[in-house]
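Several structures are given next for inspection.
Two complexes come next, and they have one chain in common, chain A, joined by chain B in the first and chain C in the second.
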Partner chain A sequence: MSKKLLSTIFSLSLVAFTSGTALSSAALADEAADIAKGTAIAEEWDRRDWGFGDTESFMEMQLENRHGDKSIREMRQKTLEVPGHDVGDKSLTIFDKPRDVKGTAFLSFAKIFDPDDQWMYLPAVKRVKRISSKNKSGPFLGSEFAYEDLSAQELKKYTYKWLRDEPCGELQCAVVEQTPTYENSGYTKMITWYDLSEYRQQKIDYYDRKGKLLKTLISSDFKQHLDKYWRPYNMYMENHQTGKKTRLVFSKIEFQKGLKDSELTKNTLKRVR
Partner chain B sequence: MRSRFILFKKVKLIKLAALVIVTGAVALGASILSAVSASQAQAQEQADEEESDIYWEYSGSASLDLRVFPDSALHSGQRDQHLNPSVVLEPEFLVEWNDGDDRIDFKPFLRLDAQDDERRHGDIRELKYQHIDDGWDLKVGADKVFWGVTESRHLVDIINQTDGVEDVDGEDKLGQPMVNLGIQNTWGDINIFAMPYFRERTFPGRKGRLRSALPVDTDNAEYESDLEEFHPDFALRYSTVLGDWDLGLAHFYGTSREPRFVVKPDGNGQPKLIPFYDIINQSSIDVQATFDEWLWKGEGIYRRGQGDDFIAFSGGVEYTFFGIIGDSGDLGLLAEYHYDGRDQDEAPGAVLDDDIFVGARITLNDVEDTDFLAGVIVDRLSHARSFSIEADRRLNDRWTIEAELRITDGLTTKELQYDVRRDDHLQVRLSYYF
Partner chain C sequence: MSNFMDRLSVSYAKGIIRWRWLVLLVTILATLGVASGGRFLSFTSDYRVFFGDDNPQLNAFESLQDIYTKTDNILFVLKPNNGKVFTPQWLEVVQDLTEESWQIPYSIRVDSITNFQHTEAVEDDLTVADLVEETGGLSQVGLDRIEQIALSEPALAKRIISEDSTTTGVQITLQLPPDDAVALDQAVKYAENMAANIEAANPELEVAITGLAPLSNAFPAASMADMSTLTPLMFLVIIIFLVAFLRSFTGTLGTLLVTIFSTMVAMGAAGFAGIKMTPPSAMAPTIILTIAIADCVHILVTMFHEMRHGTAKRDAIVESLRVNMQPVFLTSLTTVIGFLSLNFSEAPPFHDLGNIAAVGVIAAWIISIAFLPAFIAVMPVRVKPVVTGKSSVMERLGEFVIGHRTKLLLGMGLIVIGTSSFISKIELDDRFIEYFDTTVPFRVDSDFTRDNLTGVYQVEFSIDAEESGGVSSPVYLAHLEDFANWLRSKPEVVHVNSITDILKRLNKSMHGDDDSWYKLPDERDLAAQYLLLYEMSLPYGLDLNSQINIDKSASRMTVTLDNVSSNDMRDIALESTQWLRDNAPGYMEADGSGASVMFAHLADRNIKSMLSGTALAFVLISLSLVFALRSLKLGLISLIPNMVPAIMAFGVWGLFVGQVGLAVSVIAATSLGLIVDATVHFLSKYNRARTERGESSADAVRYGFRTVGSALWITTAVLVAGFAILSLSTFSVNADMGLLTAITIAIALFIDFLLLPPLLMLFDGEKATTTSTAPAAPAE
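Take a look at the complex of A and B:
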């Protein structure tokens, strides 16, 4: 389908080459084709993750400042897939380390265009607080990951445009420009490398509100679950503007443990462990 | 002299022991019952089921507190020390089985204070057995429960007694023995509480700072109910989330957590304040609306049983400017108003009866989780002011440091805090987590 479209575009552009007036419309068609191709790639990436049901991940976040000083965070995350393109997934993150925030929990109901619903549980005072989710671009736990980098990656949160295909390590990748459609993103665009064999996001370049390269995320140690779902066990985020780095290492990701919708509510937040 | 070497007064020790035994026995009994029934159920199930693992965990914190009082003590009997060091130990034990669906939590608390033997105290903050099931959960034992949304007053929060020797903000609570059944529905959650034993409020002793001119005699508290602290108290709460709105409705029947005071002479003929605990009915509502950077918060109560029926409410807003400080720090501005319609002669005194709070919160979102919260509460009529500044920061993976500065200004004899007008202080706390 897309190949056919491509060849049409190709011939169109040849025609355009011969006549000056048709040039701009051909460029437009070119652009439309790239958008269609980029969107198709993202759709394939999204489709391959359908039906994962629920996951429970165990992870360690290694923060490093520009002087090389390191600090460690440990957390667990339960994610529940909410079917459909117009709603996001639900997730619950529980912090184990550093010890002074042990038991702090964060519940998020992702939305596509509206702000997410978020609650924070503070174990010392046993208080559940509804918090504003406007700070999508804010750092998560002082790391180089922003809330928007870690919240559910939903197809409709971005528009897509294919840029080129190129080798990425041993694989061949499609390079796609993604523009956030939601408000309050800290990014004007992201450039994402999807490998063409399994449609995994291998690398993402994030561009800040001024259009300057801000961060690069490199994902590696991909493992396949249930013969279908790929997850990176190592995510390395480097901030080019500050020199700070954060590595997110997963020790275990379990699928389809039977997580129920009723386990991810504001009121069950205060009994999490 | 001898009392310096005795950690706790005998009465307190007996009460503490009683509390430990009562909550411990109930929690243990319930968990054994559940374990037995669970093991029976398991025995009946097929052997291919994975054996349920028992998981346990031990953690907690130890802190060094230093309070600095620049002014000399005002009341007779107070130790005139400007420096008040103390040590806090708060370990936590957790055992869970059935994949966490059954668990026992134990969180004792101990403070050793060099000067005030009322502040030198221990408590069972938590000792509970909890069972989590599909759509419901059950808790038996001592626990802490928080209700409410506002920042500068916790009006609807009524389950736990305030641990009044810990801090002046009333946010430290004593463990409350309870049976709590929670039922989760798509239309909201219901929580039912039965509380068989009442905890008396703690107050600083004769030698301590931050006390009333007459010390409170906590050994001779009086009650409206003949059952005294064994009067069974009940509470019911419904809470739900409706889009951007978080709503809670509750009713409490039982022993008022706030005491009134009666002046009586003690054994030596010295006048003392005797706490008197009424039986009250209190209905409450708490609401928060979350609209982007705006949080709108409101709490209201209607109480019967202390003089004329009265209402009280707290309401306000919090607005956050995200990412405007340094790399990614947030600045939040808070404003709240407090009204309390109680008859201050027949009901326990309320400091915040017609008061405005304004404050600012700075969250740096850095690796050290640095936070600041500064605020002032102004009485609308007398213009008396209470300032507070809090700051905290992580030092490394095991240590944190916190500081609190509390200053009052312009207090008149009408104010309840008039007696603590010379107790402005700075508190620094260094905590180690294990």
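Take a look at the complex of A and C:
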């Protein structure tokens, strides 16, 4: 068993590097079947997250450059689920540390095909600014996460194609290729490992505009909430090209605290604490 | 002892002739064995190889590159020949190029005027968008607006767009694997193809490519060009010389084989040692070819001389080895010492050059005393019998020197002093772009960039802010701004990139684009929050880390310079440090670094480090002369012809050229090992005449001219030709080194013929010495 495990880890890491190019195209019918299967997996993942209502999470963002220099930021994020497949969720991010940016708040209404609506509140000037930007591919706060990695992953943002099933750690995973359908993405494709027991995204490989492997996200420390919703407490993103890394560590994630739509508006942004 | 050495040489020579077939087989097999290491040879593309691991400027630059995003880049420069770039046609070309450049291998970021993230503020709305979105429907008003924004943006003006709007750049940031020549070449070739395609599609557009990546890629190109054009050229010259001077097919072929084998052994050994070729070490094959000839010429000239006087071939071989064994060994030893002294150099490529050449010289010595006599022994050799009665040119030159010894002494003394006085006219300059001559596209494109868009030399500072988050401190920012303004006021400075420009622009954006707010925020929290806002608005592939370190306790200032001398670059770096020391808090003190600063210090540091290397080589070489000639007096006299040529060569250079860089530091040491050869041959013949034949010093001079005069002409001519060929290199360090060495060697022969004999006659008295009375064992 452990021998098998070892060999699968090897093949997994091999596959991670070669899956972008090495797959021979199957017959058209097989292709359609793979697309259907991939889409079904993603639908199941999406379905299992329905109805979470709202969450409040406390996190630490650890940035590390290729020489191991580190910097740490602390923030909270409130997320409100917006029902329906055509709009994204709303989220509010409040910075706690470092001290000189404490109280800075960022409100985002995710859109699927249009640029997100974003507002930022800077306590030093006590002003809310609306930021319109098509820039979904830019880095979130200087981290290795892009906006598009963190903003709610709506089903319609991608097309899906099942590649294969394979062991991932102690679990069995479906490996699905996802291609962004929206404009201005920084990626040509992503390869996502969904575990088949709970349909959690265990790992994602991101490929850049040249089709080269850019980053890998590994999610771990999954905890289940309300007997239904799984959340990773540790998300580790490594940029293979620059050697930079970002780790998001969640200390607490709370569900259904009764966050109201009226708390997430431009006007309430000034009052957040 | 001299007798003993002679007897040893004679029995050695007889042994070689007896076992000639075995000797041939063993030398060929051994050569092929070592030469097989050549398959491990590769070319390095990292300009940092010019700097030792403990070079302070390199370490300063590397620690700066560790803190901030590394800056390997390719810069496309576009200039339409019909005016401004702000037309729908050209903006579309720039936009397309910007989009396509993301496909360049290892690119992580592309910046141009079209994708510049322009922030526009209308009341409380900030719109961040590409400066140029749709090119098709742009009206003149729209074009004017874009032009006005680009020219007033410090991040773009004089960097990505020229002041007169006629030239623009597309900047590609690369993340290359370290010292991977293949990856680098892939990226640069891709960009070159793109440039060629754009030029083909737009005949009225000029496209140039520069940047650190094309620079790095120009190094292996220069090495390969030298090895593939100069080395064959050297071969041709050698063949012409040999055919002309030796007039013997076997002699020419034998010499060619010796030189080829020596070069193969040296390059094979370099391969086994894992040496990566750089432009300086790429000179090694040409140098070895040149030097290996000398040994053969000396052996062959004596042999043919004997045969012309009726000696049988094998006896002539034995006699030639008897009289040449010692000088050939000695000249090889001194040459090896000269080359090995390059290990004192600051620049590791010169260590490689010295070591490869030293191996080549040793190989040449072994092969020419083993393979060559065996080869001659098995091949047919025909010589014309000598026409007696006519004294040779050399003998007449000898008579002239003896007759005019006093006049020569005085005249030569004046020439030496006069020439040497021009050394003060030598100026050191190491602008690394100008290492490549104007036949190299990289140089042409870089000059084009400098003339039309922006400077190509940069000095960088990492300026500390004392504490984590300290870059937002108003005190820090105010001093940073003063420093940037001070730098901008200097005529040599083209552009300064500083985070203060970002903060001023954000402050203005946050106040509805009101120009009166284009100033630094005066609170720390505000500045920190602006930076956060800025970070949130950065596009794909860009982050603050290119200008601010990860815990925001230091920022980077990049200063682009005009085409200034490396002296001026050093001065600007030093003055900047002094300015910070005088005008800013202590923690903000910083040293300028960057490739240009590193190269600006290189020649200076190299000269200092080579001083001790040259001195040591000089002492060792002089000692070996004293020991070999067994005469302290001759050893001391030899100091003059050994020391003077390099000094005079520098004088000649100062008079006719003036500017020189890195090459100057290694000339004295390498040329010493070569010029000493002529002295050795002349002195050893002179000494032989004095001790074996008991001749007067005038007769001994006569004997010297007669026996080695023509061989010295030939070997010097070959050496001068060989190093003169190096002066054709497209890499100026090599070209300067070749030309300076050629001048030095030519001067050395001049000194050996015209100054050394009068010196000998002056100091070595007229009476015949009788230290060794036993006659030499005659050849059988």
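We adopt the following convention: the second predicted complex is superposed on the first by the 246 of 273 C-alpha atoms of A that agree within 3 Å, B and C clash if a C-alpha of one lies under 4 Å from a C-alpha of the other, contacts with A are read in each partner's own complex, and residues count from 1 in each chain.
Basically, contacts are C-beta pairs under 8 Å (C-beta built on N, C-alpha and C of every residue); 3 or more make two chains touch, one makes a residue touch a chain.
Predicted model, so just to flag it, every value in this text is computed and none were measured.
Undergrad: Let's test your reading of the overlay: on chain A, do chain B and chain C clash or fit side by side?
TA: Overlaying the two structures gives a clash between chain B and chain C.
Undergrad: Please work out whether A:65 is in contact with chain B alone, chain C alone, both, or neither, and reply first, second, both or neither.
TA: both
Undergrad: A:209 contacts which: chain B (first), chain C (second), both, neither?
TA: Second partner only, chain C.
Undergrad: Does chain B (first) or chain C (second) touch A:251, or do both, or does neither?
TA: Neither partner.
Undergrad: Could you tell me if A:224 is touching chain B, chain C, both of them or neither one (first, second, both, neither)?
TA: The answer is neither, since A:224 touches no partner chain.
Undergrad: Name the contact category of A:104: first (chain B only), second (chain C only), both, or neither.
TA: Once the two structures are laid over each other on A, A:104 reaches chain C alone.
Undergrad: Touch check for A:125: first (chain B), second (chain C), both, or neither?
TA: So A:125 meets both chain B and chain C here.
Undergrad: Is A:138 touching the first partner chain B, the second partner chain C, both, or neither of them?
TA: both
Undergrad: Once the shared chain is lined up, is A:271 touching chain B (first), chain C (second), both, or neither of them?
TA: The answer is first: A:271 touches chain B but not chain C.
Undergrad: If you stack the two complexes on chain A, which partner ends up touching A:181: first (chain B), second (chain C), both, or neither?
TA: Neither partner.
Undergrad: In the superposed model, identify the part of chain B that clashes with chain C, out of 147-155, 183-191, 201-209 or 345-353.
TA: After superposing on chain A, the stretch of chain B hitting chain C is 147-155.
Undergrad: For chain A, which residues belong to both interfaces, chain B and chain C?
TA: In chain A, residues 63, 65, 71, 98-101, 125, 127-132, 134-135, 137-139, 142, 242 are touched by chain B and also by chain C.
Undergrad: Quick one: in the complex, what on chain C touches chain A?
TA: 66-67, 69, 102-103, 105-108, 117, 124-129, 175, 468-469, 472, 510, 521, 523-526, 528-530, 532-533, 535-545, 549-552
Undergrad: Going by the contact rule at the top, pick out the chain A residues touching chain C in the complex.
TA: On the chain A side, the touching residues are 63-65, 67, 69-71, 95, 98-101, 104, 106, 120, 122-125, 127-135, 137-142, 146, 186, 209-210, 241-242, 244.
Undergrad: Looking at the complex, which residues from chain B come into contact with chain A?
TA: Its residues touching chain A are 59, 61, 94, 96, 100, 103, 130, 132, 134-135, 137, 144-146, 149, 171, 182, 184, 189, 239, 241, 246, 288, 290, 292-295, 320, 322-323, 327-328, 330, 365-369, 394, 396-398, 400, 431, 433-434.
Undergrad: Could you list, by residue number, the parts of chain A that touch chain B in their complex?
TA: 63, 65, 71-72, 97-102, 115, 117, 125-132, 134-135, 137-139, 142, 242, 260, 262, 265-268, 271, 273
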